[in-house]
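Look at the two complexes coming up: chain A is in both, with chain B in one and chain C in the other.
The block that comes next holds the complex of A and B.
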């Protein structure tokens, strides 16, 4: 039919760009992941090694340590980040003056370029002149300056704070939109029945937010497993390897040690893990929502 | 009594909101303060909360001084601006065509589109960067604005299609139907009726693409090398990596790079929020 034909013409340019620029490299990477690659005179040299890259990665403790570290970021993002987002959304959903302005201001961390955010926080964490040391010192909380990013145990938590700061606006906005779709009558009826605010929250608000929770968990898992910019700019994975996340490990495997094939196999392992996680979430939440 | 209780609760809410805003804005505020401080003031221990002699000299330097570092930043800013603008326009155009085909002509089911969108989001950029680097050097288009822009286009198209499809779904179908009955061809309906009616949605999509391209770092870091194609985030990261660079100049660079997205947020807050939540909430 004429309409169908027109439709295919319309979708073709987008399809072409996405296939050429995303799917072709993806398949090329899959191909590379079965090869040992070396860069020498005359360009890339390839040697077929089958599944060896995958086996190497799965057996390396470096990979699993980076993976667990990234999972630690995801854990904070989901539990602390989402609670923070919901809390602030509930506040911003109330009636007060300057509500519109407040809602705009919370957007800022979301729209700023990540590299600028990294720059800001690097300066805040500066061990000699940084704002954080200065503030805590003036408040009498610490009595000597702390090198936030060069103490192994501290550094990762300082990065998690930055990640929470930058990730919360997205959760706030989604929760705000969801809260506005809950009909007011539900709350009024509950109040007449004598429910207290905790009961109203746990029996009405929370269940109705389930679809948004699922969406946020999926989104945050996907986004945080890819975390790179902040780590690269703030600590470069250090001190030692204590803040090395998977994306950073892949980056250095590819661009520092030039092991293209091994780096590619890492990405596919990560891709499969994320797919499995997302699948599990959807299953879990389906039973939750039906209940 | 109950009135008093209400007022106390209102008061607590306001305090909590102020705390939330401080948490959000303090890093930005502190960077701004640094950018208008004099160099000597920054090394005071403990730091001062407000400069005794605020100065905008660094802003002048960033825009007009002929030093190597600031010059690289200016060129990066310009490259970012060109790439982000062109990519936004093209992705709005191509995205609206595809979205129309999906929304009205049912070329692909929504489920497939959502899955594709999620899947593309899932791909770790590092994996793409490896093969894009190899492919780019093979085709000799590495280190060009064209190549980087093309990649940004592909990465942002799925999101653009998704936002626009959500919008087209809400447009009343009757107008288009009657136009078709009157003998308009499908292309005329799309270009004469649907697209002119979709101004705000097209704009929102453009804003999203612009912000995403403006901030993208990893791909630009790997795929650009010369000043002809380096984008603003790359020039900033080089600033940060330098052994010595004055903190206030760096803070100024950060603030300047934040101005476009902040202006966008201030002007189009409602559109951004609508864009982020379209499709997510209306189920």
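The block that comes next holds the complex of A and C.
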């Protein structure tokens, strides 16, 4: 009994810190989302508006356009990012010379600080001196330099590439770890039974990776719906608003327009959408995960 | 026994020394972008050596990032940053919110007489002073005389027609790929350039009561011209719609463009061999305009200000005067290319000797327009930059973008007035 009490005493400071840094801001932002806010002498002025902020956001075409753009990022991150991650993980799972170095190199984008990544890609995409234009021009693929981040239809895809480059290593690590847990005997038995590579992959590897797939889909949905830094650093949401994602719109609503209540309601709408998506994923995958 | 007594006395002495150290050391906090940071830190150290008051700074990437941190500090009482650089467009908002200290009592009639009118005006709101002018800038139009000479031109363009023709000649002769580059990313820099260009067309974006007139025919004509420069005449680097001032500076310093606009004392950087490959090639000219009679540019006076919530107001005042009084401004002009707000500093022989092109610069200074100075500026400029950039990118037509901007500007104004009246 004494031991139990002592345990509670020991975890109390951590509990207090978590309450302060996590729950307080969360509850305060929920509170703010029901108020119209303005700044003035002595700080924030609040006026209760009920669900008006939520209704305004849901009626706003800017919000829905930003949401769809973000969903576009998520779509690529899940389908292309995970396929790439799995493909590279399968390659890195094989025995070859310099495998250790290759495994270290693929982690490179994951460990770089965001600001370094942003500056690096800004240089790569530079329309006059950029590495990408220079490479494609020298290979004869393009005959004039392209302003990658200034073309409305191109810019979002250039950001998607950066997001994939940034996010794929995480998928690689998880897939690589999961691949190493699959017993070799299963593959040996399949080979003895005469299964070809595709059959081995589709009947053994892929089903055993289902828990990781679910985890990655959930993680990528959450992480990519929050995408902000590369948009902020590379395009600032432009040209026009063609790369404005929800996190950027929230940032702009809160810090440029100082509409704290509206910004908070946006974040809770996004939270609800993500929770619904995660629930759907879990239901969909439930029947697939039988191992 | 003796040892115990000695230990007691020693501990008391130590405690007193600690208390006095804490009590005496005043530390002012400020916030800066990365531009000219080394020099600023050197000046903060000089201030500490002179007064014993320490100055520490938080470094943020660029422009608006500073406002966000400042506002968070203001909302929490305003003591996180004692002193900061305030932009003229922020003065109305910060003053209305009570975040910035009025410094009228420190501005003498003699000082008022010496301060440049537009710089002083930028620091004032409803008759009160909220900052000491610092970096009292406007954007200067520059041309690369060497490149123009190669194309057979001896003078810069006076009208936009001449500008287009000269640009096309420069490009057709293969001297430059694009004759000019601009800072037209959907940010504040685009508002600045548009305000200047619209003024050269004779357009006024706000009336005298600060009501928006963004969809006037002349305003549309100016934006249409900007669009045409990129898409019809193809004389502007198309990357300009995602570029900020830094990108334009780089293109100018590399000699990639023949025309450009720069804030401050532009030749200081362009003639610095460590930053520029085009030393001695750039000259300052008046802005081209639609008829050669409206050579307007945009001004953006800034000033050092004191937070109303600062716990060290007297020390903070001392600091802003150290940085931006006549002596401070002279040092800043000579060593860092910061445009002084004092007429006497402009006329100082050391400054004239050290800053090339200052006479041409002053000529342009007669034709400056300011961005709207409304308390709802941040909300407005964010919206307006997106609309302008949408038009320049071809996402919206010029007409549509400016009609939308006008409608939204009125909504923002109405919303602000409602919240102010507590309706």
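Details
As a working rule, the second predicted complex is superposed on the first by the 289 of 291 C-alpha atoms of A that agree within 3 Å, B and C clash if a C-alpha of one lies under 4 Å from a C-alpha of the other, contacts with A are read in each partner's own complex, and residues count from 1 in each chain.
Convention: a contact is a pair of C-beta atoms (placed from the backbone, for glycine too) under 8 Å apart; a residue touches a chain by one contact, two chains touch by 3 or more.
Not measured: the values here are computed from a predicted model.
By the touch criterion defined above, A:128 reaches both chain B and chain C.
In the superposition on chain A, contact is made by A:177 with chain B only, not with chain C. Between chain B and chain C, B contacts the larger number of chain A residues. In the superposition on chain A, no contact is made by A:209 with either chain B or chain C. With both structures placed on the common chain, the touch criterion links A:152 to chain C but leaves chain B unconnected.
In the superposed pair of complexes, A:86 makes contact with neither chain B nor chain C. In the superposition on chain A, A:74 contacts neither chain B nor chain C. Within the superposed three-chain model, A:44 lies in touch with chain B and with chain C [touch as defined at top]. Of the two partner chains placed by the overlay, only chain C lies in contact with A:242; chain B stays clear of it. Judged by the touch definition given at the top, the superposed model places A:26 against chain B, while chain C stays out of reach. Shared interface residues of chain A (contacting chain B in one complex, chain C in the other): 44, 115, 126, 128, 255.
By the touch rule above, chain B contacts chain A in their complex via residues 10, 13-14, 16-17, 20-21, 23-25, 27-28, 30-31, 34, 42-47, 94-95, 97-98, 100-102, 105-108, 118, 120-132, 134-135, 150-151, 153-155, 157-158, 161, 186-187, 190, 211, 214-215, 217-218, 222, 232-233, 236-237, 240, 247, 250-251, 253-254, 257-258, 261-262, 264-266, 269, 272-273, 276-277, 280-281, 283. Against chain B, the residues of chain A that register as touching in their complex are 2-4, 6-8, 10-11, 13-15, 17-18, 20-22, 24-26, 28-29, 32, 44, 88, 91-92, 94, 96, 100, 102-124, 126, 128-131, 133-134, 137-138, 165, 168-170, 173-174, 176-178, 181, 211-212, 215, 218-219, 222-223, 225-226, 228-229, 232-233, 246-247, 250-251, 254-255, 260, 263-264, 267-268, 270-271, 274-275, 278.
Within the complex formed with chain C, the chain A residues making contact are 36, 38-45, 47, 115, 126-128, 147, 149-152, 155, 235-242, 244, 252, 255-258. Contact residues on chain C toward chain A in their complex (touch as defined above): 61, 64, 67-68, 71, 74-77, 96-98, 177, 185-187, 237-242, 251, 256, 378-379, 381-382, 386, 389-390, 392-396, 412, 416, 419-420, 422.
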